[in-house]
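To keep things simple, chains are lettered A, B and C as they appear, and every chain counts its residues starting from 1.
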Amino acid sequence: MYMAKKTDPRYFGDKAAARERRRLFEEIEQLEGEIRLAGDTVTLLETQRRERREHKLSLLEARLQRPLAKLGLALASPQDAAQALLQKKLPGLRKAQRLAYRKLRQDLRRKEGLLDREGRMLPDAKDISPAARQQLNDLTAEQQHEQDRMYTELLEKARANRLSDKNRLAKQQRLQQGLAAKEQRLLHKEEALKKADGAYLKAQEKRQQARIDRLGSVLKEKQAQLLRSESQAEHHLPEDVCLRLEGLSMAFGGLKAVDNLSFDVKQGEIFGLIGPNGAGKTTVFNCITQFYKPTAGDIIYRTREGNVLRLNNYDVHKIITKGIVRTFQNVEVIGELSILDNLLIAAHPQYLSSLGQQIFNTRRVRQEEMVIKQRANRVLEYCGLSAIKDLPPVGQPYGVLKRVELARTLMAGANLIILDEPAAGLNDQETVELTRLIRQIQKDYGVTIFLVEHNMGLVMDLCDHICAISFGKKLAYGTPQQIQNDQLVQDAYLGTSDAQELEVIA
Amino acid sequence: MQNTFHAKPESAIRRALKHPFAGFIFIGILLLSLQVLSIMGAGFVKSSMLNGFASVMVYSIVGYGFTFLLGYAGLASLGTAGFVGLGAYIAGYLIREQPQVPYLGVILAAVLVSVVLGVAVGFISLRIEGIFLAIVTLGLSEIFYQIFNNWLGFTNGSMGSSISKYPIFQLFQNPDSWLAAIDRDLFSKLAQVPFLQAIFDMKTIDARRSFYILLVLITVGLMMLTYNLGKSSTGRAMLAMKNSSSAAQAMGISLLKYRLLAFLMSTIFAGFAGAMFMSYFKFSTPTNYTIIFSLNILAAVLIGGSKNLIGTFLGCLIVFGLTPIFLQDIPFFRDNSWVINITIGSIIILIVMFYPGGLVQLGQRFKQAFRQLAAKRRLYVYGEED
Amino acid sequence: MTIQDILQTILNSLPMIGRYALVTMGIVLIFRTTATTNFAQGLIATVGTFAVTWAALEWTALPLWVCLLLGMVVAFVIGMLVDVALIRRARHITPSGKQMITMGVMMILVNVTPVIFNSLVIYNTQGRSFSQGIHQFVFLGMNFNITEMGLLGFIMAAVLLSATFAALKYTKWGLGVRATAANETVAQMLGVNTRVITAFSWALAGALATVGGFFTGAGAPLSVTLMGNAQVFGFLACVLGGFGSFPAPILGAVIIPLVYNFAGNTSIMGPNAGMWQNAVTFLVVLLLILIFPNGILGKKYIRKV
């Protein structure tokens, strides 16, 4: 890793104070995450409890219904009773009969040599002989008969069990009473359950609220601390700018992949970075996300909350907590995990329980998992991936994997989404769909999108502003219209004649 | 979430069987019942067999740590032998030479040293990756091997380190130290319970049996805890790191943290298992801890499917348990011990070559084959569906 | 510690350098062509050495170099068999899986070898060697000595390695090996017969290591642990030099014996030097590897995202 050679004190006053501020930022982020988690837990528990209650009640109802059903059966007309009993018994009988039919048919076919050794019909097999057909028809008739017989038997039984009028009256009464009692029980149960759930939820709410309060007071304190230290910071980032590169340079040994590059990405826009192969586009991304530490220059960024940070100061795995999420040129989804779990990976910084709690799988861990899974399910639905969420990503089409990556950025709560060649490897149809999704995400989530792309159609169609680079240097910046008409850009893409090149040098 | 509540109500037994811990508990019950049978005087449960199972349990503990390292974090280490040996020798030294240290202190010492080691190797793993790392840890293990052989005061050299008594269940050796005093307070209270009195008044063989039972509980408990961690966000983060370290970093996963954690898990489990080995077998020689041992652990984990704890246990059973548990009683194998090792070697090669997913994959294949067979029979008897 | 002492220690390292370089060459050949860390390398060499000794004791009339050739042929065949029967069929499995296969081979060889050769009782008898003499000479007015057998071993290793490098550079096989090492699939598509290449690499690795084994064990009672140290040091040599190229590991194989012999020098390390010789060597080598994590001659690797 190349370390930044230059730490510019301009942005954060002295180093120790800067470190302190970063620490405060981090703690505040963590606290906010915990508070959000606590709030989500309560609402989720509420719905969960309600569902559980309904489930329990339905079970109870089924249980209470059983003796009453018997009563009802006795009271019904013999035909109805027989019919009801038949409905219960018929499926089993039909299944057995069907199997017997198939067995007979198979035996007959085998006898006539219509089958191969495994029992499959031979390709040129004729229909079975009329005699065998007759035998089969007989069986069908016999089976039909058997069904009828069953019905008559049941009917007979029902008739025999027919109640005398006096008994009937008593039973009728009992049924009425039973029904009333059932309603009563159900009501009681529901109330009891509601009460228990209410108490549970209240306790939970109290717990979480206490937690929120406690965390909130700590949060306020930290924020106050941050405010006090604010005087030390001098950020220069206009209100509408989300990301600013200032004199960014990145050299590998002697090779300058990015050379003194500066540009602004406005808040809420779709920004495109274009350039011929090897122009250093991906290197710019890697510098922003701190995979490479820039050799010189600053990357200034405004978070969703409005804090202005110098990204050079952060480790690569801290970048996502600032709301910057990237996708990869050649789709880096985790093959060993399901698509849902891939989203949970993106939510990794949202998991706040400690290792010890995870080892013992405490209630806190389970609640946390529950809440974050629900968040993931929402994102999956938004991206249209719900149907395949439990499948492994291996073997899914490329377009789906790209969408999983996009879903991951949303899951992480991105403010700035960095897309590395989103349309690479997609066919036209998939590209159109992806374009639509990107635009929709930008609209619905109010995020800033920064992308590198070779598909000029997509870039010109999608972007608000474009920066063109070549050999790590900026060629042009402007709206798609301006870029299209820029001479330098055209030259870089199409090549220049020697004469022109000489002119430029001169 | 909705579905789970409105699904058809399952019976309690079926639900319990589906619980991820069911398999672990089943293994625990099997292991316990062997000891119980032996206590009740069943002839076929020989003490050598029980010792064999005990060694399988001890090594499977090493295996669980290694499962995390290899199966989840995707890091390979060939230094396991050294880490296990260190735990064993520390336990042996403390129990033998420092009897005032209570047993919990002994375990703690073994674990602490393992922590230091794990951190060291974890930092090394940031600089060196893949097969290079495995070879470096192999070198590390060789250094420990030399120490076990040559530091006579600590390890008793190639003669082997031994202890004379089972370290727990007879704990009141030196009443002077303050830690022992705490132990005494605790245990003297416990010893007033009628049932527990027997525990404090044990013969050697009883102590060994008790230790075996303790070992079963520890093994099953560790399986559960390891499983929990594997299913948590930590396990997922490690899998992400294994599959794509750049994606993992972009998703906020610190490579340093999780590599360190993976190595810590493996060394702590190894050190702990070493202490357990010493406590149960009361003897340990340097030749236990050669490169062969590290490779055997690796083999056991790979055979098990490298991410599956029950698989790891079965892998350990195959690699470490076949000889003492089953084959020793067959005269042919007893006289030609080389045949056993060749068999195990061949089994390892066969499983790795034909079932790269380990025993887990093998089990799935069996299930699949069974289903196919059933379908074939259906086709033969009933013909094609129309 | 005098200059003579230092030079003598370096001189003492020469035989070991030769032996380890041979083993290391085999390991790196196998690693580069089939991406396998071969744990059976030492054992294949050991079996070869057993065969040499057996032939030398059984057919006393046979010249020793013929026996050596015979042993090399045995190891050649075993190496080829391992590749053809196992490694080639295991192309799709992970590196640790392949490692496990070689470990299985090792387990089998460790147990089979004594059974085959023990019945012929060479386990405990002295083998034959080319020479028992010690060569003494004067250089810059200082007296030095080296065993003739060791010198011969070093020279032979140098010759064999030079031949191997020449073959790698100039023959069609060498080109194939380099192509396979760079990218097996592409090499295959370009018409390189990678099967022959890998099989021959495995076979050659076995044969080379057998020479190393012979010079380790000549004239002494043999055991299956003969090449244990050479195996581990061979791996470390590869990492120390850098797995990336063919000559780099040889540099590792030169450094390690030097460290080993200096670590065993009583005038530097004190009277207990012999006891801790191995441990100190491992420690120094590990530290060196930590300083050069990509190998001394290895290139720094920049991760592309």
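Note that contacts are C-beta pairs under 8 Å (C-beta built on N, C-alpha and C of every residue); 3 or more make two chains touch, one makes a residue touch a chain.
Not measured: the values here are computed from a predicted model.
Taking the mean of each chain's C-alpha atoms, the chain whose centre lies closest to the overall C-alpha mean is B.
The chain with its Cα centre farthest from the Cα centre of chain C is A.
Separating the centre of chain A from that of chain C, both taken as means of CA atoms, is a distance of 53 Å. Chain geometry summary: the mean Cα position of chain A and that of chain B are 36 Å apart.
Residue positions 291, 328 of chain A each touch two or more of the other chains. The set of chain B residues touching two or more other chains comprises 246. Counting partner chains per residue, chain C shows two or more touched chains at residues 303, 305. For chain A in complex with chain B, the touching residues are 48, 51-52, 54-55, 59, 99, 102-103, 105-106, 109, 115, 118-121, 289, 291, 315-321, 325-326, 328, 332-337, 341, 344-346, 348-349, 351, 353, 355, 358-361, 365, 369-370, 374, 408, 412. Contact residues on chain B toward chain C in their complex (touch as defined above): 70, 76, 124, 127-128, 130-132, 134-136, 138-140, 142-143, 146-147, 150, 245-246, 291, 295, 298-299, 302, 338-339, 341-342, 344-346, 348-349, 352-353, 356. Per the touch definition, chain B reaches chain A in the complex via residues 1-2, 5-6, 9, 225, 228-229, 231-234, 236-237, 239-240, 242-244, 246-255, 261, 376, 379-384.
Residues of chain C that touch chain B in their complex: 37, 39, 86, 89-90, 92-97, 99-101, 103-108, 110-112, 114-115, 228, 232, 235-236, 238-239, 243, 275-276, 278-279, 282-283, 285-286, 289-290, 293, 303, 305.
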